[in-house]
Amino acid sequence: MTLQHYLVISAILFTLGIFAVLTRRNAISILMGIELILNSCNLNFAAFSRFVTPPEDISGQIIAIFGIVLAAAEAAVFLAIILAIYREFGSIRPNEVDTLKG
Amino acid sequence: MLLSLMIFIPLLGMIAVLLLPRESEELIKRVTLIPLALAVYLFISYDRSTAGTQYVVNAPWIDAFNIQYHIGIDGLSVTLLLLTALLGPICVIASWRNIEKGIKAYMALFLLLETGMLGFFAALDLFLFYVFFELTLLPMYFLIGIWGGPRREYAAIKFFLYTLFGSVLMLVAMIAVYLNSGDPGARTFDIPTLIALASTEGHALNNLNFQIWVFLGFFIGFAVKVPIFPFHTWLPDAHVEAPTAISVILAGILLKMGTYGLVRVNMAMFPLGLDHFTNGIGFWGNSLALLGFINIVYGSFCALAQTDFKKLVAYSSIGHMGFVILGLAARNDTGITGAILQMFNHGVISAMLFLLVGVLYDRAHHREINGFGGLGTRMPVYTGITTLAFMASLGLPGLSGFVGEALSLLGAYDEFKWLTILSTIGIVVGAAYFLWTLQRVFLGNLNPKYEDLPEINGREILTLVPLAILTILLGVWPNLAIDMFRESVTNLVNVLQAI
Amino acid sequence: MTVSLISLILLCPLAAFAVFGLLGLANRRFPRQDYLSTAAMLIALACSFLLLREVVPEPETHTVNWVSLGSVTFSMGFYLDSVTAIMLIVVTLVSSLVHIFSMGYMHGDPRYPRFFAYLSLFSFSMLFLVVSDNLLGIYIGWELVGLCSYLLIGFWFEKDSAANACKKAFLTTRVGDVGMFIGMMMLFTKFKTLSLYGEGGIFALAASQLTTGDMVWLSIAGVLIFCGAIGKSAQMPLHTWLPDAMEGPTPVSALIHAATMVAAGVYLTARMFPILTETSSLVIAYVGGITALVAATIAIVRFDIKRVLAYSTISQLGYMMLAIGAGSYVAGLFHLTTHAFFKALLFLGSGSVIHAFHAMHAHGHDDEHEHDDSDAHGHEHNEDSDSGHVLGSEIPPDQDMRNMGGLRHKMPITFITMLIATLSISGVPFIFSGFWSKDAILAGVLGRAMEWNSVHHYILFIMALSAAGITAFYMFRLIFMTFFGEPRNQEMHDMAHESPLSMTVPLLILAVLSLPVVNTLWFNAAYVKPPPQPHLHAPAHAYIAPDTKGGTGLAFSLFGVSEAVAAEENAGHDTHGTHADDGHHGHGPAHTIAMVLSICVAGLGIFLSWLFYHRRTLSAESVTTTFRPIYDLFWHKYYFDEFYDGVLVALTVWKARLFAQFDGTVVDGIVNGVGVVTRDILAAFTGAFDNRVVDGIVNRVAQVTWAVGGRIRRIQTGAIQTYLFVVLAGIVLLILIFRAL
Amino acid sequence: MEFTLKTFIFYGFALMTVASALLVVTVRNIVHAAFSLMVTLFGVAGLYVFLQADFLAATQVIVYVGGILVLILFGVMMTSGRLEMRIHIERGQLLLGGAVALALFMLLLTVIANTPAWKNRIDDGTALPPTTEKIGELILNGPFLLPFEVVSVLLLVALIGAALISRKEVRD
Amino acid sequence: MQPLSNIDSLLHFSPEILLVIFAAAVIILDLVVKNRESVAVAHLALVGCLCTLAAVLFIHFSFGNEEPVALFLGMIQLDVFATFFKVLLLLATAATILFSLRSEELDAKLKGEYYALLLAITLGMFLMASSTNLLMIFIALETVSLTSYILAGFLTHSPRSSEAAFKYITYGAVASGTMLFGLSLLFGMAGTGDLTQIGGRLTELLASGEVSSLTVLIAITFVLAGVGYKIASVPFHMWSPDVYEGAPIPITAFLSVASKSAGFALFIRFFYTGFGSTGLMQFVDWPFMLAIVSALTMTVGNLAALPQQNVKRLLAYSSIAHGGYLLMGGVLLTSEGVGAILFYLLVYLFMNLGAFYVVVLVANEMGSETIDGYRGLGSRAPLVALAMVVFLASLTGLPPLAGFFGKWLLFTAVLEQGYYWLALVGLLNSVVSLYYYARIFKVMYFEDAEEETSHVSFSTGTFALLSTFVIPTIFIGFLNIFYTFSNISVSVLPMQ
C-alpha cells in the first residue's frame, strides 16, 4: 500500500474515464466517464494528503471533498442538459447532436 | 499649427459632412479648398534656403512609448503636401456629378482619406507616420468598393489585402527600429532622432545587418504601395474599378506615399541598408535599380498590351514609378531630384490621364481602346488636352514629365550604366503605347457610334486646366519645384555620401 | 542686343502658337490668323537678318540656370555663332515662305487655324534647337520638333495612312532619340554638365581632360548622339518614316521633312564636331554614304512625286552626314543650306502640282477620304503596289507621276522654278548652288581619302559620286514625267491650273535662293570657322607624304571657296600638333578631280534620264524586266518596312503580350506555386482538398487560405466526441512533442 | 511489504474498483454500466478508508452513491427508450479513443514510476485521528471558509440552472 | 505579506459580497414583480454592477493600491491585477445586461434567473482573477463554467441553445477534470495548494531530481487544458464556435469577452506566479510550448473564420484568433507582454462587445445571424453599419483604432523578446483576418439588399449604447491613462 499503488489505480480510473468519454455513444455514459475522471482526481488528492503532506495537514482530503461536491453540481447540471437534449433531439447519442458545426 | 490645421480640417470637414444634412453640398465642396489655400500659403512662405524642417509641431502624445505628435515639413514633404492639397479639390469637382449614390458618405470618406494623406506627408514621428499611412486604407477600400466598377469588390479587397500585407511587414520593421533605438524608457519614434542615431557610430541602429533587415521590411511595405514589381498586381484592378476621382488620388497621391516613404525612411534612416542595395557588391548592389528597371520595362510593355484605356494608364503608372525607383537608387542629387520631380509630375500627369479617361468613360460607358476611333474630329478640345497629357506622360521635353525622367536617368547612369541604358527602352515603349492609343482613339475615321458624343464640358475642363498649366509650367521652369526641395536633397545626399 | 533679338525670334512664333493654338483647340477662328502668324515669322526673319551682323567676330553665349541642383546645374541658353546665324535665316526664311505658301495651299481646310498654330510651334521649336548652347536644350527642341512633325503629319488624321505615318514618324525618331539620350548620359556622367560651350562646357573639358584611354567611350557616345540624328534625319536604318511622312500636307513636307527638321540631325552632328573621334566620324560617314546611295536607288523607281522627293531628301541628308563624317564641316552645312532651299522649292512645287491636279483641299478632307477609298479599288491595276500592309504604299492619284505629263504649259511658273531646283540638286555646274555644295562634299571626301590614304574614304567617295549620278537621273525622271510629254490622264490634266499668287511667289523666291546668292556666306572664311577636332587622330599608316600645294580649282578662284576650305583645314590641323603641323594641303588636286567627276556623273544621269523618259530611246520597262530582282529590291525599299513590320513590331508586340502573359502566368504561377506548396504541407495535416484553378495572386492565395479554412472547418464536425478527441490527443501530442524537444 | 489481511483487502478493493470501472466503460447496457459505476464508487470509498480519510469516504458514499448515482439512474430512465439502453460503439472511434487513452495511461505510469518524490511512500499503518472535527474546523474557521461559501453559491447556481433547464418543457 | 484572517478579509471582499447580495435581490425582485415587460430586474442587476464597481474602486484605493493583500488565509489575493480584471469584467457584465435588455431572443419569463446567473458568473470570474490557491482556482473555474453552461443553454425552445449547452458542458467537464488531475499532480509534488509556494517547491524538487521534468510537464499541460479551454486556445478551442453560435447573442458576447478575460487572468496568475521561475523553466520550457499554441490558435481561428456564413460563428473564430494574439503576450515572461495582454483585453472588450451588439441589433431587426442579413446595412442603417466598420476595423488592427494599439503593444513585446517568427505569424494572420472582416464590410456596403427594405431606425438608447463602444474603440489608444493602467496592473506579478 504505497503511494504508487493509489496513483496507479487513480491513473487507471482516469484513463478509463477518458476512454469512456471518447468512445461511449451515450451522453450518460459520458457523464459516467467524467465521474470516473473526477474520482481519480479525488483519489489522487486523498492519497497525496496521506503520503506527501504532513499527517496533520489534511487539506488534500478537503480538496477531495470539494471535488465531490463540485462533481455533484456538475452532474446535476449535466443531467438537466441531457434531458433538454433528449427533449429537443429525441436522442442522447452525442454524435447525433451535431447541428452546430463547421 | 498651420500644418495641423491643414491636416485636420478635412477630418473636421468629414465630421461636419456626417452631421449636416444632405443639402449642405456647397460646404462639402469648399472644405477641400481650405487645405489648398493653406498649401498656397505654405508654398509662398516656405523657406527654400534651408534643409531643416519647418512648421514643426512637437507635442507628447503617448508617453508610455515616447510617441509624439511631431509634424513638420521639409522640401520633399512640402512638395507632396502641395500636390495632395491641389488634387483634393480637383477630385471633389471631378466626382461632383459622377457620384450619384451616397454623396455624403463619399465625401466623408474622401475627406478622411485626405487627412490621412496630408498627415502622412507631414508626420515626423514614425508611429504617427504609420498611423496616417494606414489611415488611408479603409477609406480607399470603401471608395473603391462602393463606388467602383463591376468588379469593385474584388479590386477593393485586393488592394486592401496587398497593402495590409506590406504594412504589417513594415510594422515589424518599425517595431524593430523602435526597440533598438535605445534602452527601455529611452526609446523613440522620432524620425529626426532616429536618423541621427542610425548614423551614430556604434549605435544599435548603425549596424549593417540590422539595417538590411529593417530596410527590407519597410521596403516591402512601401513597394506594395508604389507599386514595385512583383507587388504591383493590385494596381491595375484597383484603377480599373475605382471611380475617376479615386483613381486620380490613387495614382496621384497614394503611389507617392510609397516612394515618399522610401525616401523618408529607407534612404534617410537606413543609409547602410540602402548602401547595401544600391552600392553593395554583386547582385544586391544592383537590386534596387534592377527593380526600377523592371518596373519601367515591365510596366511599359504591359501597358502596350492593354486594350482597356484605364488599365493602360494604370500600367503606365507602374512604368513611371520605375523611374522614381531608378532615380532614388542612384543616390546622387541628380537622381533623387529627378525622382522627386517625377513623383510630383507623375502625380499631376496621371491625375490628368485618369480624369481624361473618366471623361470618356462617362460619355461612352466603356473604355475599350479599340472601340473608339476618330474622336479627334468630334471632340477637338478633349483630344487636345489628351494629347498634351499623353505627351507629358511619354516624357516630351517642354512638359513636366520629361524633366523628372531625364534627371532620374542622368543620375542613375552615374551608378548603373547598363540598367539605365536598358531602362531607356521604357521611353520608346512609353511613346509607343501612348501614340498607339492616341491613334486608336482619336485618329482615323470617326466611329459612327460616337457621332453625337458631347464635347468635354466646363466642369471637366476646370479639373484639367490647373493640372495642364502645372504640367507646362514645370516643364518649362522646373526650378519652381526644385527650389522647394533642393536643400533637403543636398542634405540627404550628404548623409548618403558620408557612408 | 543679341539676346533680345534671339528672344524676339523665339517669341514671335511661340506667341503665335500660344494664342492661336488655344483658339484653334477651341475651334475658334481668329480673324486673319494666317496673316498674323506669317507676320510673326517675318519679324523673326527680319531679326535673323539683323542678327547676321551681330555674329562677328566671336561666338556669344548667354545662359540662365534652368535646373539647379546641389552639385550640378543645367543651364539653358543661346549660343550664337555664324552657323547659328545662318541656320536661323534658313529656318525663318523657309518657314516664312511656307507660311505664305500655305495660305494658298491650305485654304479652306477646316482646321486651317490649327495648321498655322502647329507651324508656329514648329518654327519656335526648330529655332530653339538651333540657338541652344547645350545638349539638353537641343534635345528639348529636338523632341518638340518631333512632336510638331507628329502633329503635322497626322494633320489629316482621319486618313488611316496619316494616322499610321505620324505614329511611325514619332516612334522611329524616338528610337534614335533614346540613343542620343544615352549618349548625353554618358557625356553628363563624365563631365557633369550638358553645356557645350564655354569654360565648363563639354567641348572645353573634352579637349583638356580626355586622354587616349577615353577614346573608346567617347566614340560610343558620339555614335549614340549621332543615333538621334539617324532618327531625325532619316538615315539608314531609321529612314523609313520619312517617305510615309509625306502623308502630311505638302507645305509641311517642304518645311519640316525637307528643309529644316530633318536637317537638324546634320546640324546636331555638326555641333558635336569637336568631340567626334576617328571611329565615330567614320561611322557617321558610312551611314551617310550608304543612305545617300540606297535612298537614291529607291527614288529611281517611285511614282509618287512626293515620295521621290522624300527619298531624294534622305539621300541628300546622307550626303551631308557623309560630309561631316569625312570632316568636311563647312561643306556639310553648306549643302544643308542649299538643300533646304531647293528641296523646299521642289516640295512646294510638287505641292503646287498636286494642288493643281486636285482641288481637294478646297473641298476639305472628307473629299480626300472618298478618294482614298476609291483609290483602293481604282488602282488595283498597279501590280507594283505593295500588298498594303506597308505604310503609304498606295499612291494618291494626284501625286502619281504616271497621271501627269505635259504640265509645263499649264503651270509655267511651277515648271520653271522646279526645273531650277532640279538643276541645282542634280549638280549642274556653275550657276546652281547645289553644284557647289555637292562638289565641296565630294572634294572634301576625296581630299580626306587622299590625305589619309584611307580606303574607307575612297569607298565613301565612290558612293557619293554614284549617288550624285543617280540623283541627277531620278530628278530629271521626275521633271520629264511631270512636265514633259503628253498628258497621261486627260481628265485630270484638264483640271490642272497654275496655282495662286500666294503659292507661286514663294516658289519664285526659293528659285532665286537656289542660285548661289545667299549661300556665299559659307564661303567667307572669316565668317565660318570650323571647330577644332582634338580627338580626331588619323591612322598612322594613313599619313602620307606632304603633297605640293596643288593647283586650286576653277571654282574656288571664282567664288572664293578655297579660302573657306583652307580655313577649315587649318582649323582642323592646328589643334593637334601631333599631326600635319606643316599645313599640307592634300585637298588641292582632290577638288579638281571631284569637280570633273561630279560634272560627268551629273551629265550622265541627266542624259540617261532624257533617254529613258523623254526620248524614250530606252525603255524603262525593259530594263525593269531585265533587272527584275534589283528593281524589286529598289521598289520594296530594300524591304526595310517589311523587316520592321514583320520582325520588330511583331517582336515588340509579342514581348508585350509575353509580359502580359507573364503577369498572368509566371508571377501568378510563382505565387500559385507557393500556394501549392503551402497547400500540400497543410494537406499533410488536413488531408487533400480540392484544387481549384483560379487566376490572380490574391485569388489563389485567398483560395488556398480559404480552402485551408474550410478544411479546418471540417474538423469541426459538430460531434462532441471528435472535439474531445482533439483535446486529449492534443494534450498527448503537446506532451510528447515537448518531451522530445 | 508484508502480505497481510489488510493488504489483501486493499488489493480486493483496488481490483474491485478497477474491474468495475472497466465494466463501466465496456458494458453495452447503460443500466449495467450505472451499477458498475456504483461498485467503482464504493471501491473508491474503500480506498479512502485505507487512506484513513473517514469523512471523505463517508462523503463519497453519501454524495456519490446516494446522490449522483441515483441522479444518473434517473437520467437513464428518463432518457432511455429501449433502444437507448444499449450503448452503440463504433470500432474506429474505439481504436482512436483507446489509443489516446492508452497513450495517456502510459504517460501517467511513466510519471508515477519516475518521480522519486513519490517513491517509497509506504503506508506505515499508523492510525491517524478521525478527520471530521478537523475538517469542520478548517472549513468553518480556517482557510477553507471561502471555498465553502463559494461552493454554496455554486450549488445554488447549479440548482437554479438545473431546474431552469429541465423545467423548460413544463413552462410551455 | 501576512494573509488576513477570514473576518478581516470581509471588508476587502465586499465587492464579491455585493454581487451575491444583488444576485439574491434580483431573484427576489423577480418574484415580486409580476409584470413580464418590466425591466426593473435588469436595472437592479445593472445597479448591482455599478455598486460593485464602486466597491471595487473603493477597496482598491483604500487597501489594494500599493501592496497586494492576501485574503482568507491566502485563498485569494487583492491586488491591482485583480482590480484591473474586476473593472473589466464588470464593464462586460454591465454591457451584457444592456444587450440582454435589448435582445429579443431571451425569454422574458426567465429574466430573474438570467440576471442572477450573470451576477453569479461575475463573482466566479472575480475569483478567477484573484485566486491564489489551487482549490480556489478550481472552484472559481467551476463556478464560471457551470454558470456558463446554464446560460448557454438558456434559450427555451432552441435546439441550438441546448446543443450548445450540451457540448459546452461535456467539453468543459472533461477539460476541468483533466485540469483537476493536473492540479492533483501539482499538489502531490508540492504538497501545498498555495500557488505562491508551488513554484518555489517545484523548482527545488526539479533541481534536486526529486521530480522528473516530465511530471511537471504533464501537470502543466493538464492544467493548460482547463485554462486553455477557457481562453479557447488550440487544441482546446473546439467547443467555442458551436457554443457561440448556439448560445443567446448576449451570452456569446459575454463569453467571448468576459470569460476569455477571466481565463487570461487565471492563466497569467497561474503560470506567472506558479511556474514563472527561471529554475522551473530550465526543465519545462512552457513558454515555448505556449508560443506554438499561440501561433496555432491564431492561424486556426483566422483560417476557419474565412468561410463562415454565420456572423456569430465568424466572430467566434475571430475570438479564437484573438485568443491566439493575446497568448503571444503570455509567452514572453515580461511585464510588457502581460501589460500588452491587459491593454488588449481592455480594447477587445469594447470592440468585440460592440461588434456583438451590432449582431444583436441586426438579429432583432432582420431576424438573421447570417451574413446575408447584413446585406445593404450600410444604406438601411448607416450609423449601425458605420459602428460595425469601426469595430471590425479595430479587430483587424487598423490604425488609428484601439485594436491597432493593442496589437502594437503585443507585437512590440513579442519582438522585444526576439520571437520574430511569432510576430510574423501574428501579423500575417491579421492580414488574413482582414479578409473575413472585409466580407462583412462588403455585404454591408457593396451589396444591395435583396428586396427593397426600408430604412431601419433605432432608438436613441441604442445609439447611446453603441457610442459607448464606438468612442472607446476609437480613442483608447490615444490616451496615456490606459497604458498606465495596464502597466501598473502587472506590477504585482513576479517577473524576471
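Per-chain residue numbering starts at 1, and chain names A, B, C, D and E are given in the order in which the chains are listed.
Assume a contact is a pair of C-beta atoms (placed from the backbone, for glycine too) under 8 Å apart; a residue touches a chain by one contact, two chains touch by 3 or more.
If you're wondering where the values come from, they're calculated on a predicted model, not measured in any experiment.
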item	value
Reaching chain E from chain D through chains that touch each other, fewest steps	1
Graph distance between chain B and chain C, where chains that touch are linked	1
Farthest-lying chain, centroid of Cα atoms versus that of chain B	D
Chain whose average C-alpha position is farthest from chain E's own	C
Innermost chain, taking as reference the mean of every protein Cα atom displayed	B
A-E compared against A-C, more contacting pairs	A-E
Rounded Å distance, chain A centre to chain D centre (Cα mean)	6
Centroid distance [mean C-alpha coordinates] between chain E and chain B, Å	43
Between chain C and chain D, centroid-to-centroid distance (C-alpha), Å	102
Whole-Å gap between the CA centroids of chain B and chain D	71
Touching two or more other chains - residue numbers and ranges from chain E	135, 139, 142, 146, 149-150, 153, 162, 165-167, 170, 174, 178, 185, 188-189, 214, 218, 241-242, 307-308, 435
Sequence positions of chain D contacting 2 or more other chains	93, 96-97, 100-101, 104, 107-108, 117-118, 143-144, 147, 151, 154, 157-158, 161-162, 164-165, 168
For chain B, residues contacting two or more additional chains	157, 161
Listing of all chain pairs that touch each other, if any do	A-C, A-D, A-E, B-C, B-E, C-D, C-E, D-E
Contact footprint of chain D on chain E as seen in their complex	6, 9, 20, 27, 71-76, 109-110, 113, 116-117, 120, 123-124, 127, 133, 135-136, 139-140, 142-143, 146-147, 149-150, 153-154, 156-157, 162, 165, 185, 188-189, 205, 209-212, 214-215, 218
Complex interface listing, chain D residues touching chain A	1, 6-7, 10, 14, 17-18, 21-22, 24-25, 30, 33-34, 37, 40-41, 44, 47-48, 50-53, 55-56, 59-60, 63-64, 67-68, 71-72, 74-76, 78-80, 84, 87-90, 93-94, 96-98, 100-102, 104-105, 108-109, 112-113, 117-123, 126, 128, 131, 134-135, 138-139, 143-144, 147, 151, 154-155, 157-159, 161-166, 168-169
In the complex with chain E, residue positions of chain A that touch it	7, 14, 17-18, 21, 27, 30-31, 34, 37-38, 40-41, 44-45, 47-48, 52-53, 57, 59-60, 62-63, 66-67, 70, 73-74, 77-78, 81-82, 84-85, 87-89, 94, 97-102
Interfacial residue positions of chain E with respect to chain A in the complex	134-135, 138-139, 142, 146, 149-150, 153, 159-160, 162-167, 169-170, 173-174, 177-178, 180-181, 183-185, 187-189, 191-193, 241-242, 245-246, 307-308, 313
Chain D partner contacts - residues on chain A that touch it in the complex	1-9, 11-20, 22-29, 31-33, 35-36, 39, 42-43, 46-47, 49-52, 55, 58-59, 61-62, 64-66, 68-77, 79-84, 86-87, 91-93
